[in-house]
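Order as written gives the chain letters A, B, C, D, E and F; numbering starts at 1 within each chain.
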Amino acid sequence: MISPEHTASILVEALPYIQRFAGKSIVVKLGGAAIDRELDRALAQDVLLLRSVGVRCVLVHGGGPQVNAVLNRVGIEPQFKDGLRVTDEQTLEIVRMVLVGKINRDLVATINKEAADEPVAVGLSGEDAGLLTVVPVDPELGFVGDVSKVRAGVLANLLDDGLAPVVATIGADASGQPHNINADEAARAIAVAMGAEKIVYLTAAPGLLEDVNDESSLIQRISSEELRGKIESDSVSAGMIPKLRACADAVDGGVGTAHIIDGRVPHALLIELLTDRGIGTMIKRSADW
Amino acid sequence: MISPEHTASILVEALPYIQRFAGKSIVVKLGGAAIDRELDRALAQDVLLLRSVGVRCVLVHGGGPQVNAVLNRVGIEPQFKDGLRVTDEQTLEIVRMVLVGKINRDLVATINKEAADEPVAVGLSGEDAGLLTVVPVDPELGFVGDVSKVRAGVLANLLDDGLAPVVATIGADASGQPHNINADEAARAIAVAMGAEKIVYLTAAPGLLEDVNDESSLIQRISSEELRGKIESDSVSAGMIPKLRACADAVDGGVGTAHIIDGRVPHALLIELLTDRGIGTMIKRSADW
Amino acid sequence: MISPEHTASILVEALPYIQRFAGKSIVVKLGGAAIDRELDRALAQDVLLLRSVGVRCVLVHGGGPQVNAVLNRVGIEPQFKDGLRVTDEQTLEIVRMVLVGKINRDLVATINKEAADEPVAVGLSGEDAGLLTVVPVDPELGFVGDVSKVRAGVLANLLDDGLAPVVATIGADASGQPHNINADEAARAIAVAMGAEKIVYLTAAPGLLEDVNDESSLIQRISSEELRGKIESDSVSAGMIPKLRACADAVDGGVGTAHIIDGRVPHALLIELLTDRGIGTMIKRSADW
Amino acid sequence: MISPEHTASILVEALPYIQRFAGKSIVVKLGGAAIDRELDRALAQDVLLLRSVGVRCVLVHGGGPQVNAVLNRVGIEPQFKDGLRVTDEQTLEIVRMVLVGKINRDLVATINKEAADEPVAVGLSGEDAGLLTVVPVDPELGFVGDVSKVRAGVLANLLDDGLAPVVATIGADASGQPHNINADEAARAIAVAMGAEKIVYLTAAPGLLEDVNDESSLIQRISSEELRGKIESDSVSAGMIPKLRACADAVDGGVGTAHIIDGRVPHALLIELLTDRGIGTMIKRSADW
Amino acid sequence: MISPEHTASILVEALPYIQRFAGKSIVVKLGGAAIDRELDRALAQDVLLLRSVGVRCVLVHGGGPQVNAVLNRVGIEPQFKDGLRVTDEQTLEIVRMVLVGKINRDLVATINKEAADEPVAVGLSGEDAGLLTVVPVDPELGFVGDVSKVRAGVLANLLDDGLAPVVATIGADASGQPHNINADEAARAIAVAMGAEKIVYLTAAPGLLEDVNDESSLIQRISSEELRGKIESDSVSAGMIPKLRACADAVDGGVGTAHIIDGRVPHALLIELLTDRGIGTMIKRSADW
Amino acid sequence: MISPEHTASILVEALPYIQRFAGKSIVVKLGGAAIDRELDRALAQDVLLLRSVGVRCVLVHGGGPQVNAVLNRVGIEPQFKDGLRVTDEQTLEIVRMVLVGKINRDLVATINKEAADEPVAVGLSGEDAGLLTVVPVDPELGFVGDVSKVRAGVLANLLDDGLAPVVATIGADASGQPHNINADEAARAIAVAMGAEKIVYLTAAPGLLEDVNDESSLIQRISSEELRGKIESDSVSAGMIPKLRACADAVDGGVGTAHIIDGRVPHALLIELLTDRGIGTMIKRSADW
């Protein structure tokens, strides 16, 4: 059992953070792996607890593995080019069904089950109310888009109404044609558009490691400039690069701090936000240190 | 070309309706057939035009044929009992993916393509923010629910924000378990909870016919009491009964009028709302004549 | 009888105009001739219908023929100089009594008779709440003034309260002395001060004609620059010149468009505002085409 | 010169009244005689000063002598029956022109001339926005009406906008036909409908006298019950009876107090409202003493 | 160092309390002893932290020992009767100077020193804005009063303005004469009038003890009915009785819970409010368990 | 008895001032002498009457003589240096107790006794909510401060709530240490920070005299420039200099006018504010004449 002194010290430490984050926006990106293991109750609880003290949380998710599973089931072979999914019309229909009709639904359901009084989670895709407008990335990739515009007011209105948005990363281009979007990028675009205080990437690693083979070599703080240097220098794993670039772009785009934290630690989000030492890797602009 | 006199007479006729419906809510149910033929541009235009003069439109849709098509594609044989779909866990997952991830998406996209300035359609399932709470209908049917509670405020907030909600008829029970819901019934429950001015069922018929084989035998007006008499008397086709019962229940539950109109006539919704003679069959409480 | 298709097409055409004009101000000037024939029910209906969908209509009227009739009755010979009424103290008293106490009253009464639920027309003279401040035009004309200031807020407050102002064109100078004002000019000054969307002159002609003897030579659109050219070139009738100049001044002063339409066509105002082809002549700044 | 002590005592006395009347409504009726002598600057000043400290003043006026003068001028012989003007269509047109187009105008102009910054007076007739609805009194009288309904909100909105309404006592019946109204009665009806704090009748006498031949026999306070007794007992002059009955009806209808004061004393209104001893005769319900 | 798991568990535990108390009022009474040891930084911090997450804290204090010290210094012998201070005019002046001009000042200063950005503490006596109206207790006691009325709106306005009120327990009777008030009673009256969620008495004991000589015999929870039984039964120390009675009266008067906690434990207030187990003794109505 | 004409003339004179000062702030400084004679009922009445018509009055007071009396009573010899009180820690404690706990209390009580409906006076010291922040004047003077910052919003909020603030001139420095402040200076700082319309110094003289020995040599108006000349020229009594400098600084700092008036004349404040001739000496910037 924790002594009253320790309890008091944690509360005295947490309360200023609660005050500071009240009314601020936080965008949380769930990686595919995290979702594969099912959004555990702890994350849903964290979102609800933070919401209860006025933090405006937006969850953004992708869902690569689940899409592949359904594609295989209906007899379509997933195709990739330079790590990006080649998305023809038939594939897009499946991607959209899985992201919007399955993964998004499951996240909404998990949060609503944990909500004490009444359900608060609302699922959205980027098509809803023009949340995410895209431009095509590359004709060879088919219906894959980069975010060109975010209508952050859609999320703001939902948050003002006390709801918790969960966003599936499908968007429409100017003609209304749906496209698939990389979820790390979509989360960044949303965070920048909202003027978010933080963007948090939940991953299956402790954070950014100095030595990818040594989990104890965690880099706790790094500036966006240093991070861009690292990306150039090949000292980070290729798979991590899009996420790291999204972090650097987010803080350079005005987000207060970006975080890569370990989604495998229960309540990692709460610990990151409400304690002095945090958890994982924090990225900030040099100018903001 | 229409003469100025005729033009003026139509406008003089329409303007009082526009004033009368401004700020009022209208729930429009699209039947499976209508959707099969694709929501044409005309309906999307009607919703947008009505919205532009202050009418608060909510679209509700089902999607039986489309669900069956996907079930067949993944090798599941659709099962029915007394006309209701037997919905086990695997079936439910498919139903949800198709309704939320495909049909709802397509309707949202069609409306957003027609919107002049910015997209306004927002897709929702009854699980979002606890919009539709259900109780199971019958253990033998599996995850099929009757609506026990509607959080109409969720729709009101979206409408207040200038958005056009499109609702897929999935709901969660008290434990958070998703269930499939009959779309005619879901539309009625939503209309009653919103205190809607009108509920409009778009069908593939001119309305309620005195003689089902004679399209010219349209019943233009009928009271809910008379309608219930007809339902009991077997003088209507079995397939029409759930819809007719929903109409009677809607007006007895406080909705101003219920309408069964021909979804095959372009702009049927606009004609119904803004002209003296209307179109199709109107159901009203005797006390309200 | 008009077919559903035609009905729908007119409604589809009108609704965007209704949305566009909702909340906008329209100033309508009634010429003496129009009033001589009595404000027909159609114009009162148009004002009420437009008001019901949020258009903010202000009626402005003069009343030359009626003033002459009363002057003759009390044994005063009307005097004119360069087409403007010479207005001594005794004449002014009669002008004011006729405009404010008779014509304005009759217009208010006609609108209020047509109003379904409750009377909404309110008569005002430019003296009320300092609506129109004037400076004397010419000592030889006596109490005839040009508008130097408009307190548009007076009209805005009435419109905000849901009322329909009808303005008689008497104003006071800085010392409080009443003056007679040319009604075409007064209407223009009010429209400019309100930032009106449109100013509409109801006349006893189809609009501006290329050939004054040929009603089929209607000029449908003309820029204010071209119009000023025409005024200089003597190709228009002398009687029309003040009205044309007021139109050019109005649009150059910020009013969206000016219109000269045929007050003899029932519902001309409604047709002008809510159909694509309009009616009569529209004047607009070149820069706004 | 008044000593500081006296000055202070008057201010100490007046300030609580100012606080008490701030935001309250006062209806002031001007008799024909008062108007004959022209609304002096003092009354206009009183209205403006009271308005400046938040009192909501409404002026109501008749104008019998002036109407007769114009009727004579156009060769119509005024007709009366039991002291009420017989009002045929032609007479009504003159009555309306004189009350609305002349007397009301002159009162508005006088107040606006005294207003320091900007004109605040607004003239209204009972026809405007349905302010006064009437029912005909007697077929033999022609277009003479009793007030059956007052839309006090019209005045409230003008007062909220900082304006000072001046009301001419013409009203319309349910069909929209204008009628002449007795001004004492119209003032009472307005005061009751507004829930006025006071109704003040400005007359050419010191108030109600015990002995009509002795101006020193002023009755300072009397209950409505006692007043009704006096009216029955013939101890008051016949000409005073309608005014006295209006006073009794006003306070029994909820107006705080009614006052008959001497309009010949400059600033009589100010003295009545802001000093302990008042001026003239005050009528109050017994229950309110 | 506390593990992430423990940290998370404390935060997960505290957050629902923070949400629950946000916007609620808490009255905290400081006993004389507590003040004698000076309000430590911890209490000031607790008040500020709770305020930062929306809890509306009001501090109430007495100051018996300090009053005695000043009385002695100016040569007045403190007099008591049945434990209450006999308060003549000269004594009252000293009591008021010490409570309002010294103790209250010191508390305000301590809180303001801890406030990060700007001072928020505001000192009040019950005389200010009529906060506490009293009736005399007993002529023999002189100027000692019982609270008969609390203007809780005064505190509400300060709290709405983001300030932290600190109340010295002097009040005025209906004639404006100041009186001394028992601080335990004053705190209760304030808490009841505010509809406070909690009243907390900080004392120099762990709470209410079963055996006054055994600090380990703490009673953690007791109903107001049971507490009243204990008071009657003489099983509690005489000195504790007024405080216990105030606790019972507070909860029976509508305050959610009353607490007697150990003011000697740093951050006792925070621990009481934000942890499941609390600290000290909680009193609640039986009906509320 | 004053005639109706005189009464009317005073009211006609006063009402524009009432309108002009409504919503404006007035800071009134009471000198020690004034307080020695007790704040008479007249001043309390003036404050309440002015408040009743919307004037926002703030009273500021010092209390030198009373402090000396208490210091003597507890055996401390008052020390002065260049006319300023040497304030060690023990003296400060007494000063604070007397100003905040006695004089301020007595003023609050006097106003509240005069208030008709409910108490409105609220006592504050400059420590409350950081109202007055100071910097030390001179180490040899001990805890004596000059005002460096005023949180005028604290007073504005109280005034918005309908309360009448009474300010004791103690302030805290940046570290939270209390200091004594010269009351003339504190009043000036508050008036400047509030953007007050007037600052009024109540003194025991008729105002600024040309010849200090001749009360009839009152200077009624003087510009701040001329006043600064007078201060330099030694033509004014040394004791008056701080007050005169505060007046010049106030108007140069943006206060409309400063006034030195005779606190011995009952209702001097009311006469000054609401009559044309005023009372005492008015100081204004040359640029504002």
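The definition used in the following text is that a contact is a pair of C-beta atoms (placed from the backbone, for glycine too) under 8 Å apart; a residue touches a chain by one contact, two chains touch by 3 or more.
Heads up on the chains, UniProt names are A, B, C, D, E, F = Acetylglutamate kinase.
Keep in mind the model is a prediction, meaning the values are calculated, not measured.
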{"item": "Fewest touching-chain hops separating chain C from chain F", "value": "2"}
{"item": "Most remote chain, CA-based centroid, reference being chain A", "value": "D"}
{"item": "Rotation angle (°) superposing Cα atoms of chain A on chain F, nearest 5", "value": "120"}
{"item": "A-B against B-C, pair bridged by the larger set of C-beta contacts", "value": "A-B"}
{"item": "Intercentroid distance (Cα basis), chain E paired with chain B, Å", "value": "60"}
{"item": "Geometric centre distance via CA averages, chain E-chain A, whole Å", "value": "47"}
{"item": "Chain C-chain D separation of Cα centroids, rounded to whole Å", "value": "35"}
{"item": "CA centroid of chain B to CA centroid of chain F, Å", "value": "72"}
{"item": "Shared-contact residues (touching 2 or more other chains) in chain C", "value": "none"}
{"item": "Category of the chain touch graph - line, ring, star, complete, other", "value": "ring"}
{"item": "Chain order, ring traversed from chain E with chain F following", "value": "E, F, D, C, B, A"}
{"item": "Contacting residues of chain D [partner chain F, same complex]", "value": "2, 4-12, 14-16, 18-19, 22, 45, 49-50, 52-53, 265-267, 270-271, 274-275, 279"}
{"item": "Chain C - residues contacting chain D, complex", "value": "73-74, 93, 96-102, 105, 108-109, 112-113, 118-125, 127-130, 151, 154, 157, 161, 163, 170, 172, 175-176, 178"}
